[in-house]
Structures are given as C-alpha cells and as structure tokens.
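Two complexes are shown next, each including chain A; its partner changes from chain B in the first to chain C in the second.
Take a look at the complex of A and B:
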C-alpha cells in the first residue's frame, strides 16, 4: 500500500474532522453554511437514533417528538426568561430526556410493529398539541425568538461549529456505549430479546435508557435548530419527515455501525438538497425520496459500511495465498440479504 | 339532535369499516402494517374524482375498473417489493411508509394541494326518516350508500374467507403459516393474493371516501392514524373486531366533535391508539400483535 494510503487509513478521522473544520471557510456563501449545518443536525440525530434503532433494533418513527419539544422549550425560555439558547439547548434537552425516559418506559411494553406505530402516534399527539394549545405554542403560525447577536454576515457559521462540536460528543457517546457492557446488552436485545433476558440483561431498563440517550441528541439538535431558525412552526418542528431523514441516513450508512449514520447523513442531506433544488417547488421531490427509500431498503438493507466491509474482507482473502479465495469472494458477493442477524430469508 | 349526530356517526363508521378491512386482513396474514393503505385509498379517490370530472362516470360505477386494477397492483407490490425484504417489522413499516410518501409526492405533483371531492347530483340529497312525531332523522344519501356498500363488501369478504378454498388457505396461514405450508398451502400465493384483496377493498373504500370527504395528496397521513386506531382497537387481524371498532369510533368521533373542543377528537383517536398498543395489544378481540 502506498504511503498516502497508509496515512489515510490511520488518520482518516482527523483528515475528515480537519475538512469539516475548514469547510465553511472555503465555501463562504451562506447557502453552504446552511447546508453544512442541516447535515450536521441530521448526522447528530442519526448517531443518537442509531443507539436505539441500530443497537437494539427498535426502530422509532416518532423521535422528532423530542426535536420539536426542545425547539419549543428553547424558544419559550428565550422569550420569557431571556435564556441564551447556546447553553439552554443542551440543558433543556436533559429535561426532554426525562420526558423521553417516561414515554420510553411506557412504550417498552410494545414490540415489533406495535412499537413503530406507537412512536408515530406519540409524534402525532404532540404535533396536535403544538397546533392547538395556542397560549403556549402560538398555534399553527408558530413562535419567534430573538436573533443571534452576531452579525448576519457570519450567517450560520457559529451554529455550524457548535453543531460540529455536538456531533463529536454524540460519536464519543455512541462509541463508548458500543464497547460497554450496557451496549453489549443492547446488541443482545437486537439479536434475541428473550435470550438476552434469560442471560441476565435487564432488557426493559436497557431499552428505556437507549430510548432516553437517543432522544437527548435529537432534542439537542431541535434546540439549536430553533435558535438558528428564529421562527418555528409545528409542521416543521414535529414533522415525520425529520424522522425519515434520520432513519434513512442511518440505514443508508449502516444500521448499528458507529460511522454509518454520519456517512449516511453526509450523502443523504446534500443529495436531497440537490433533488429539491432540481425538482423544485412541486411535491415531486417527495416521490423521489420515497423511491430512494424503497431502493435502499430493497438493495442495500444493511447500508454502505457493512457491505463495503464485506467486500474488503473478501478482497483480502483473495490477495492472500489461500487457494479457495475465489470461492470465498463469490460467496460474499452473493451473500443473501437474509443473513443479517435477526432477519430470516423470505419464505420461498 | 344528539341522536341525529350519533346516527350519522354510525353511517360514517360503516364506511370506516370498508377502509380498514383490507388493512386488518393484510396484518392477519402477513403481520405487515401497511402504512401505505391510506395513500392507496387517496389514490383510488383521485381516480374516482378524475373519472367523474373527466368522463362523468359515477364513483360507484367506476369501481368496476378501479377494483381489479388495485387487486393487480396489490399482488405485484407484495411479490416484487414487500416479500424480498423478509419479516423484520421495523423494515416493513418503513418500506410501506416509503410507498406512502411516493404516492403522496406523485399525487401532489399531479394535482397540487387543492382539496378535491366528488359532487354528484345526489351529494346533498337527504332521506328523512320519521321515528316519532317530534323526531325525524335526516339521513344523507351518500353516507347511507357508503354504509350499505360497506356491508356488501364485508359480506363478500366474509364469504371469501369462510366459504372458499382460498379463504381456507388464508385462515390457515393466519393461524400458523409454517404448519399451513407443511400441509401444502402455497403461502407465497396466499400472501400476494391477500395483499391484492386488501388493496381491492381499499379501492372501494376510496371511491366511497371521494363521495363523502374532501382530500388532497397529503390527506393520507391523517387517515392512516385513524385507520390504525380502529384496527388496533378492534384487535389486529380481526374483521369482526374492525367492524365493531369502526362503528364505535365513528359514533364517538361524531359525538365528541359536537360536544367538545374540535381538536380534542383527533387527540382522542391517537390516545386510544397509543394506549391500546401499549396496554392491550390484543385489542377488543383478536390476536396480539406478534413480535418481530
């Protein structure tokens, strides 16, 4: 392997981080700052969501409930108490996490499809409340809050760096959980909840904690988004499309992997921005999005990273002197989709 | 006054029963929550609307074409899109959700966000029924038609399930898919046919829906939650349960809409859905939601 290749292989994280640090300085138009900021919000949310959806396999379609709640909390406390969202967003997100722990504890009883539908119902209940409890939320028109103090010339740049900081924190937490005893328990729940329970994993507690941790990073993004937007409305704060972004990013990159959600977000959000830009005002972008989602689930159900890893492993086998190598590669190329743990091959 | 409202709610509940019958049947056989069910209903309503406004064909009549078309779409969708994914409930819900937003996007970009409804000559006709000298019920013809049609549809579904070879295979698959396969039931065919029947029934639901309600491409999100509340309350997979729950919720919705603040009634729907899922997943009657 070339020297550059070895270098990249060892320090790619720092190269990527370095690129993200200089990105807003190279591309200075506000458009790029907004795009970068949005991508980082989804990357952080997806990293959080993955702790529940990827590690335990419980796929929530209603986690943007917590995004919305914190967006409103941040706006209300900024208006009424003069709190600065930069510190109130991560603080209030802790409060939202408590709400999430309670809701998660109620929902831990539901499994499979029942869990998914319950999460959607949760989102719709909160959205209706936000639309209708006008004295608190301002109803459908929404709420405004004070502008950020810095000059508009810097636009979203400070938000971008702030969100980048939180993405790094989210990744550290996700990596720590993955290696911890708690994380092993979560993976065991994904593989077989009954057996996990039998070998001594407190499955209910683990699921509720995972629910709470994943809610924290989504709520955090909601709070910072609220400050950056300055004006928020229920249809954007409590939107199932936010969940779609999060889930799709995670699945595209690799469900249950550490870096998958981030990679997915960095492909998906600029990509969908491109689609929006080209198919513009019509609702057609929704159709393109839907088809994309179907294609990913059908043809890349494990995501980019795990598929890539298999390819690389197969390549390594071939280049070694192992005589059966070609068969190995054939085998891993034709891996049936059903070999993911916890999923069976379709009935014949 | 309240009796009048309750009766209208009951008639509406009958139409709800047709809308959800396919959804609960599909869950019974495949353990799939078809989030795209309401989107397919809105598609059928649009087809009925276009046939009516373009060619003047009455929605009741246009069913003759739409129903077989939906049966075919259902069969192909199950074969080509759903069955290759396996049986992870989370993935399947995501997949049907993806189908739903695809349909929403297509319908939205064709038709815009204007709300549509089919206004036939009998849309505002009312049949008065005199119960006693001081109580006359006024029954809207469209809702009455929907109510009657819904019992025809449910009757046909009941006959298919209980009096045909296909029905026997479907019931066997609901009870125990592996055992059914062992005794020679072609499960793959049963599944795709069930999905076809499910969409065919929602095609009828959509045509009736186009006569009673107004809709646009995004309406399906409001309706799918209502449908889910009904079939979850009725017990997932149970047709009689779905009918009873549809009638109950139809009446409850109509009554709560006139007695309480307007936004409380949809919240009641979602709360029923949420609480039933969490605390009584078997619903009023019928099987528990199986875990994935």
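Take a look at the complex of A and C:
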C-alpha cells in the first residue's frame, strides 16, 4: 500500500496524463469526448486566467472577450481565406494577445472591484460589437464555418487530444512563470502593489504582461471551440458564463496554485454536467449546483489544494515542533509568557 | 567618513521644516543611534538620507558623493538600504520569496544565489523556514527577515527605523544582538532610530540626541547612557528611581 502511495506521489503527473491519453479510447461514446473536450478547454482557460487572477490578484470577469474574438477570427479566416483552424487558432490567439495587451494596459489602471467591473464592461462592449457589426460577424444569428474533415465517427476525439496538448503547454508556461523573477513580481503585486513598486517591480508592465499571457490561453480555447462548434453566435462566444466557469474552477481547485485550476475544472465541468444530466428536466440542476458550490466555499474557502496543503503542513508541524535553532526560538511566539523583566514585585 | 549631513533643512510641507539645520556624521562600520522625543525628526533624518524626502537646504554626502535629493532607488544603488518602521515584508509570500524580492532588481541569478547563501550564513534559521509564509512569523522574526531582505542588495549602510517597535523586551533584545553581530561579521555601517534608547545605545558606538529638528548632543554611547540629563529625559527611570520618586 505504502509502495503504491510513494509511487503515486512521485509519478502522479504521468499517471494522470496517461489516464487522459487513454480516456477517449475507453469511453468511446461521443458524449464522453465532448465532455472531455469541454473540460480541457476550461482547464486550459483557468490555467491561463490563474496567471492574472491567481498569481497577480487581478480577478477579471471579462476574459471571455478574448475567447469570443478568437472564435470569430478563426471562423472568418476559415471562411474567407480557407485557413485551417488547427494552426490558425494558436496563431490568431497571438494576435488577440496583442489586443489584450492594449486593453490590459487600460484595464490595469483600475484596482479591486473597479477592475472587475471594468473587465465586465469590456466583455459587454465586444458582445455589442459582435451583435451589431453584421457585415463582419453576421450579427445575432452568428457565423458558420466548414466542418472538420474527419469522419463523424471519431467525433471530437482529435479536438480532445489537440486541447490536451495545449493544456500541457499552458501548465508548463504557468509553472515557468511561477518560478521566474517575473512571477515573483506578480506575487508581490498581489500581496502589496505599493511595496512591490518600492522594491523595484515595474508593476504596470508586469500587470499588462500577465493580462496578455492569461488572454492567450483563453483565446486559444475560443478558436478551437469555434471550429468544433462549426456555428458560433455572439451570446455564446461573448458570455460571462464562460468566465464564471473559468473563475469557479480556479477558486474550487485553489487560486494561485499551479494545479488548482486544472483540478477545479475536472471537478466542476463533469460535475455540473452530471447534475444537469440527472436533474436537468427543470432548472433544479442549477439549485443543486449552487448548493454544492456554497458547501465547498464554506468548508474549503481557499480551494481544495491550499486547504489540503494547510492540513498536511499542520500535521507535520505538530510532529516536528520545538526543534529549531536558538535564535529562532528566542523570537518565536511559542515561548512561555509572564517573564517580562521589570514586572516582578519590587524588593522591600 | 561614510555619511555626512550638513545643515540639513527638510520637511513634509513647504512651510513646516521638521529638520532645521541638522548635521551629523557616521564613520565606516560604526553603529550610531538617534534618540530624542517624539517629533524631534528622527525618522525624518532617515527618510531624507534614503531619498524619500528632498532637503531644501544643506547636503547629504555618502562616500564622497552628494546624494541629497537623489531618487530612493538610486540611493539604494549607492549602497544605502532603508528598513522602515513597522512591517514591510510581503505577508502572503514565503520567507525565501521575501528574500528574493530584496534582490528583485538584480538580474544575475548566480549573484542572487550567492547573496542568498551569505544571508543564510548570517541567519541560519532562515533556511529551515524558507517555505513558511512570512505573515506567520513572529514580529521579531519578521523584523530580522526585513533586515535580511535589505542585505540582499549588499548595502554598505543600513538605516533602521525603530527596529524594536512592537516587540516584547526579550525579542527586541535578540534583534539588537543580531544588529550588533551583523556589524561585527560584515562591517556594515548602521544608523538607527530607536525609541527604546537604552537598548539602542547599548549596542551603539555613538549617539545623537535630537530635539526640534537639530542635534543637541553628540557623545559616545556609553557617555550618553551615563549622562544624568539624558537618563532623565529619554532613558526612563529604572524601577528603583520610580519607587524613590
């Protein structure tokens, strides 16, 4: 048992990746491929969003702006220029990132709730544009694009593997940023922007870059989603519900942790789908889902991973307490009180 | 002479000068303590040196170069580190990350690691607690962490503003011991402001008594500790004196 435990502890990443690689081969019904694909899109988006919302502490509720922009760019270039979305989606997402850098430069002037509201406004503006610039976007009915060339028998399996690849890339980027000097600056901004500035972090540049990087992985998902859907409309492409999924997944798994957003997405998306499947006849599934979210937030307010980590650390601390160096003990709060000099009763 | 202030006039408002022609000097590898009542301008002296305030008159010369009115980050590059009053660490970041923030402007990774090792050498317990959240450290540990963070830029001089603020006597004793040991081991110059004048002077070579924005007395620390006027005004009577009075 313990041997299995240590094996899992060391190689769990490969075990998880292995499972995700064989998953569509074991569960062959198209339903599972669609579910897996949707989960991977949210996991990738949440990993990207976490760089801004988790590491930097700027919680955007409008990042599906970039999801929508790339969804339209991919559809339009596929129709007009015949570009294949499999290579145009990541490429066009770079262009969307440039747009995000400009928008981020404007948005990042606001802080706290003002930032959240500004990002929502950004999303609504782009949705209005998509609805009204009919010559480009097709207006409210939306746009169609060519079907994927492979047989419907495989359904979304290729999309699934394609998105799995990008999830791995997103995680590598997120891990690299977390360990880099740039990432250190982001954490400092989250903690105290004024102090971060004082010790030499270029806070404006860091925030704008984080905004751009997080937009990339959301835009990427939008492009592929557009191809998989073959038909897109403004209310689905520019929807705050996409942001809600992304943010909830991140919060559920653990804001600001590397694996939290992925874990959260893999619980949230299949979970909400399961509830929809079982209680979907009325709007009851929303109530069930809401109650579950409340319970999780009450008992794991910092998300699953940080809460578990705290519990493990607390257990370790109690088992290895009182073994520090002398200077440390002199300063620690655990020393007995009541020995403050000058408090003894005066000698007669 | 490492640092020299001459007839410095400075303040926060144009019409109100907190420092009114103050002069002082600090030698290399010296620990100098500024004492004085509230409002004498002790912290203002440190802020003027570190560039947070620009003197309207007089000069601040560090190592032969005039640094009066120079931007804080450039003063830091000259080798003067300011550890402000209260807590200035990043509470949500780990101890190690806090130390690395101290050298954020240094892009040479090898150099940062070398300095990190040097700081670990001075504070071995940092290594054991490297991953601990800084906000969970005790007040004294956080103060030492802030000093350690300042050391990441290898300053020649450190300005300490009330290092014992908010610490109980035992912990502030440890902090003062550490400052003294730091000077002995690294030869760093320290200019410190301390409300707790007795402990501050206890580890200092010299002291200045400030009053109304000027230096009133300049003596060796031991002379100041023995001076009856200073004792009465700033050191506070011991238990015996209180009982007799």
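The criterion applied here is as follows: the second predicted complex is superposed on the first by the 296 of 348 C-alpha atoms of A that agree within 3 Å, B and C clash if a C-alpha of one lies under 4 Å from a C-alpha of the other, contacts with A are read in each partner's own complex, and residues count from 1 in each chain.
The rule we apply is simple: a contact is a pair of C-beta atoms (placed from the backbone, for glycine too) under 8 Å apart; a residue touches a chain by one contact, two chains touch by 3 or more.
Here the structure is a predicted model, which is why all the values come from computation and not from measurement.
For chain A, the partner touching the most residues, choosing from chain B and chain C, is B.
Touch criterion not met for A:173: it reaches neither chain B nor chain C. In the superposed pair of complexes, A:128 makes contact with chain B only, with no contact to chain C. Contacts of A:201 after superposition on the shared chain: chain C is touched, whereas chain B is not.
On chain A, the surface patch touched by chain B in one complex and by chain C in the other comprises residues 342, 346. Within the complex formed with chain A, the chain C residues making contact are 72-73, 88, 90-93, 97, 100-102, 104-105, 107, 123-125, 128-129, 138, 140-141, 144, 168-171, 174, 178, 239, 243. The residues of chain A lying in touch with chain B in their complex are 53, 57-59, 61, 106-107, 109-118, 120-122, 124-125, 128-129, 131-132, 193, 240, 244, 247, 251, 282-291, 293-294, 297-298, 301, 337-338, 342-348.
Interface residues of chain B, counted against chain A in their complex, comprise 27, 31-33, 81, 83-95, 97-106, 108-109, 113, 177, 181, 187-188, 191, 217, 221, 225, 228, 232, 261, 263, 266-267, 270-271, 273-274, 277-279, 281, 289-292. Taken in their complex, chain A has these residues touching chain C: 181, 184-185, 187-188, 190-192, 195-196, 198-201, 324-325, 327-328, 330-333, 335, 339-342, 346.
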